[in-house]
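Below are the structure tokens for one structure; questions will follow.
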Amino acid sequence: MSLDLDVSLSFAGFDLTVKHRFAPGQITAIFGRSGSGKSTLLRIIAGLEPRAMGRVAMGGTVWQAPGVHRPAEARGVGMVFQDARLFAHLSVAGNLAYAAKRAKGLPGPGLDTIIRDFDLAPLLSRRPLGLSGGERQRVALARALLSSPRVLLLDEPLAALDDSRKAEILPYLERLRDHSDLPILYVSHSMAEVARLAADIVVMQAGRVLRSGSVEDVLSDPSAVPDLGVRDAGAVLHARVVAHHSDGLSELAISQGTLLLPRFEAAIGAMVRVRIPAQDVILSLQHPVGISALNILPVVIGEVFQGDGPGVAIGLRSGDDRLLARVTRRSAEALGLTTGLACFAVVKSVAVAQGDVGLAR
Amino acid sequence: MSLDLDVSLSFAGFDLTVKHRFAPGQITAIFGRSGSGKSTLLRIIAGLEPRAMGRVAMGGTVWQAPGVHRPAEARGVGMVFQDARLFAHLSVAGNLAYAAKRAKGLPGPGLDTIIRDFDLAPLLSRRPLGLSGGERQRVALARALLSSPRVLLLDEPLAALDDSRKAEILPYLERLRDHSDLPILYVSHSMAEVARLAADIVVMQAGRVLRSGSVEDVLSDPSAVPDLGVRDAGAVLHARVVAHHSDGLSELAISQGTLLLPRFEAAIGAMVRVRIPAQDVILSLQHPVGISALNILPVVIGEVFQGDGPGVAIGLRSGDDRLLARVTRRSAEALGLTTGLACFAVVKSVAVAQGDVGLAR
Amino acid sequence: AVAANFADAAEEIAQGFTRQTGHDALITTGATGKLYAQIAQGAPFEVLLSADATTPARLEVEGLVVPKSSFAYAMGKLTLWSADAGRIGVDPKLALTDPDLRFLAIANPDLAPYGAAAREVLEGFGVWDALQSRLVMGQNIGQTFGLVQSGAAELGFVARSGLDAPDADFGGSRWDVPDGLFAPLQQDAALLMAGEDNPAAVAFLQYLAGADARATILSFGYGVPE
Amino acid sequence: MTLPDLSPLWLTLQLAFVTTLVLLAIGTPLAWWLSQTRSRAKPVIEAITALPLVLPPTVLGFYLLIIMSPRSAIGAFWVDVTGSTLTFSFTGLVIASALYSLPFTVQPLQAAFESLGRAPFELAATLRAGPVDRFFSIAAPMAKRGFLTATVLSFAHTVGEFGVVLMVGGNIPGQTKVISIAIYEQVETINYADAHVLSAIMLLFAFAVLLFVYAINRRYPMRLG
Amino acid sequence: MTLPDLSPLWLTLQLAFVTTLVLLAIGTPLAWWLSQTRSRAKPVIEAITALPLVLPPTVLGFYLLIIMSPRSAIGAFWVDVTGSTLTFSFTGLVIASALYSLPFTVQPLQAAFESLGRAPFELAATLRAGPVDRFFSIAAPMAKRGFLTATVLSFAHTVGEFGVVLMVGGNIPGQTKVISIAIYEQVETINYADAHVLSAIMLLFAFAVLLFVYAINRRYPMRLG
């Protein structure tokens, strides 16, 4: 069921107006500067901002409309607050049981599964007060998942976690996305997480939606680079897993050619999504030889977008796939990179991190 | 004045033992997995863990020793807690004034300067309860700086901030580092921040110091790659600013050759630190031509470190500088990359983000 | 329902009554004014041993007392007492005019008959006005006793029954005020409407007027009506 | 020296126990409502709940006596329904004591509830906890310290208080004669020895109970995080 | 109908005001200490601070009278130093009332302090605030609601209470005769009309004060974040 939103809310000095449809069974990344209204948006959906105006509908059910305000407890949102709130009077086990007890009979993962997947067994008897920042976040996320939500609202749920913890938890979210039809809203400052998990992206600025669309479209649109922040641009490819090699590389088929990437977990034949950060793509007029980069794709230059800085964003087509490259203006001029030019995109295998590959639906 | 530590503390199921000297006028990054004891370490230094044992000395002053425990308020630590605590009963202005008032007469930045540099004017009359996550962090950091600290203890102070906000605040920390002799301890999960700001790094694991040393040494040590996390490895170069070009690039001299990077703020002749992420370095046997990457450095292969995964970490020497590259095992074998081999390191300008360049002392 | 100052004596009388008649008497004590309010609001009391004569009379007017049932059962006696041994000499007036005297305790004349009596005595001596600033008042004669006993007030007019009760020994010095110096402290008993049909209540009043009870009353430092 | 009659002690404990229970049952929802409402009537109700305190106990008792006496509408209704009077009965005592000690229950509880802020309730709501559930699963346990204060103050005050009880209860041995009245009586009737003994028993007993309560609270403390 | 003598009203207000101030001055540090200490004596002290409540007021007053009378060491010392007695004086009244209402100050304050947790104090300490500074700049303003409760309960209880005051004060008109005693007397002497008038004045006045206090509190509320 999709989540339809057409809401507005004003604080002194801040106005939020958002109209958007969040697709079911997909993760929508909410991206935007600090103070742009991301957390406020999630709070409106959860029913925690009584002064919000407008309409919120989950599938056929109206959660909010003029004269209608379904209370938060009847909405069934699984929320991870940005401050990873835990009940201070309950142990970790108590916090988890709180959610599980109230979701009894509803579909969802069992307590034991969650405890195992989030590695929470050592923390169960602990009080929230002594938990580290990352431990709190893991508990908060686990608890939200236990509440058998109809929509997940995750506000920077992994911000305090290190990469290896993230790598443990992300697959869990992917499975959840793929085996349910929950809309999942995911606020994050990490484009790697966004690209790996999210199908759609909403970029917010000062309370408005600046840009929205599929991650593939938005991230591979050269003109979106300034909105997303230079470091974070990068296209997302759909690829099919062809083989896992014994030297630790996985081979993927894309519409034209293959990619070799550090090995990841996925069945042969599975479709995956691969983010290729724009800054990690090198363009070469000739097919380079004797080079450590394994992936050399023939591409045709599409749009060339000249921003303010020294960089140029270049849209590339490789068969049906779109790529995005960022090069310096100097290089673009020296190599004569213009629309229609055929050249080669060089991508290092290792530049594509484990976190950049996710299972596609 | 340096900060000398030789402390231990036990919680049920967790033991911390740390012996380290934090250098004055430098930022030491504290890096490590969630739950490895980073926040606990800062709390011990601040004097907030009365059960901690051992010795803490700041310059000649003993803060803690058997029988000695100088209370937190007499230490003068500028602490940003991981949860960006603010006084809920005071406005933002009240929070800042709280620190400023108690540091009156002590050296330090003025209230007005801080408010301007952290762009806090619009928030001054606000109560903490309505602030966004990033806004809270800015206020907490500003307040810590106003307290005229003898040591700064920053626990993921920028975690909730977007890149552009970070770009506003990081130069401030750099100036502070360069114009004072405070030891600054900086907990972060972001290697880009670490490499940009920190001279030293302490990698923690399960309450111990796993590795420590200068950022250059630790980050360019191939065998450190597994400890730091694959994505985060990358050497740091010292370079001198030679010119700022009109096409938005800055030219830097390194011990052998030049680097062209996206333009950054620094006077001609200034020394800067540049982090080159290992995964962004391509090795080529021949000097590549017709390629968009602008920086092609002749290098000699030093140590080759074979980890568990598909990647190989390769230490490189370029004149006096050390670089680190990460390539796939397959490439390393195909190209015959072994110690002593001369080859070329290809580095994209745009892959080195603004955040990766910082002023050296 | 028994006025507080008579509580101990009433207790002993009740025991005698029980021994003699087999009836049990449950005793409730309280300030007479309070008892009045309670009786007026329908308290289930059957017999009232008041500390004055006016309250039973008033209740009779209001129809809460069985007409003509009230009679005097005891006469209160007043004593000027000090917990200090030498303070009261042969001439009580000396003690009352002693410039060192800080506080003289009396019962509140508006509330307690003993207070009114004390006032009368002081007025008779012509010292009432002079002593105004040194007067401290208990709400009833029991509290007044406490004020003196604790030594907080050097002197006080108390009920003789407090000092002379069996096995009481408070020492100090005293002057028993002769009866003529104040209007008689007549304490009346009455049969309340609630007790009209209870033979035990009627029997208790008879016992109270009888010789055994009178002896007990005397032993507690009260007088008995002729 | 013989031990004075101890039946007032038991009566007192019964009264204090029942009164405290009644107070918690009434005061908790009231305090909760006050802590949550945005109604304009809030300060008015807050002021009213504190009012019983300002009247002298006997005077309050006097008015209650008038209100509850069989000659009033309420008292008469009570007699009709139950067959016995409200005044001079244990029930009447409980009502009077509860009214008088109400502020000691409501005020600390309301303060405790208000100190919790909104965050835990928002969280609980997103976890499907409705208002009643939130009250029992979040507000009540987190306001534990407030309940402790409310209970101790209400209980102790009911034990010690005698003005209201004396007036409404009529000091009937075994029925409405509580220990505070008994001690009061001993003092007023100059039975100081008995008063000392009763006071000492009362103080020791109360001390033991309070010590137990506080020691438990210390063993299982609760802090907000 | 003429207005009854109002001087007891002013005396009452003075007494309640001074007593409340004294209570805050004594009770606040005590509550603060209790909230912070890890001493084993804590539950004992907590129990003791609640004890004055369990004794009936007149009885407590009787014992205080004995303790403060010039024949006791304390009382004699006071006479030596000041030349006047502690009993039957305004000072004595204040001491007695303060002792009796102490639990109403200490308990709500302690609960309020404890609900703050350690976090704000740690933060303040890192900002160079010493213990005293922390108390005034953090604990006191954050425990505002606790102070409100403590003040209202202590003030109202002192206004209404008269058992202790009666005993220790001696009911001297203009000096120690407070309004609660005055109303009590009117009731006892069956001057119900005057009692009604005095009670009504008292209730209205108290209601006005309380309403004002609560309305202010509502205007400038404080929540923990």
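For reference, chains read A, B, C, D and E in written order, and residue numbers begin at 1 within each chain.
Following the convention adopted for this analysis, a residue touches a chain if its C-beta (ideal position, glycine included) is under 8 Å from a C-beta of that chain, and two chains touch if they have at least 3 such contacts.
If you're wondering where the values come from, they're calculated on a predicted model, not measured in any experiment.
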Contacts common to chain A and chain E (chain labels): B, D
Set of chains adjacent to chain C and to chain D: E
Farthest chain (mean CA position) relative to chain B: C
Approximate Å spacing (C-alpha centroids) for the pair chain B, chain E: 56
Approximate Å spacing (C-alpha centroids) for the pair chain C, chain E: 35
Distance between the centres, which are taken as Cα means, of chain E and chain D, whole angstrom: 19
Sequence positions of chain E contacting 2 or more other chains: 58, 62, 119, 181, 184, 187-188, 223-225
Per-residue multi-chain contacts in chain C, two or more chains: 34, 37, 143, 146
Touching pairs - complete list by chain label: A-B, A-D, B-E, C-D, C-E, D-E
Contact set on chain D toward chain C in their complex: 58, 62, 65-66, 69-71, 85, 87-88, 166-167, 170-173, 177, 185, 187-192
Contacting residues of chain A [partner chain D, same complex]: 46-48, 71-79, 81, 85-89, 98-99, 102-103, 127-129, 143-144, 147
Touching residues on chain C, where the partner in the complex is chain D: 4-5, 7-8, 26-30, 34, 37-38, 41-45, 140, 142-143, 145-146, 149, 162, 165, 168
For the chain A and chain B complex, residues of the former touching the latter: 11, 13, 32-35, 39, 82-83, 122, 130, 132-135, 138, 155-156, 159-165, 189, 229-232, 245, 247-249, 260, 262-263, 279-280, 282-286, 288-294, 309-311, 325-333, 335, 337, 346, 348-351, 353-355
Residues of chain D that touch chain A when the two form their complex: 119-120, 122-131, 133-134, 137-138, 141-142, 144, 222-225
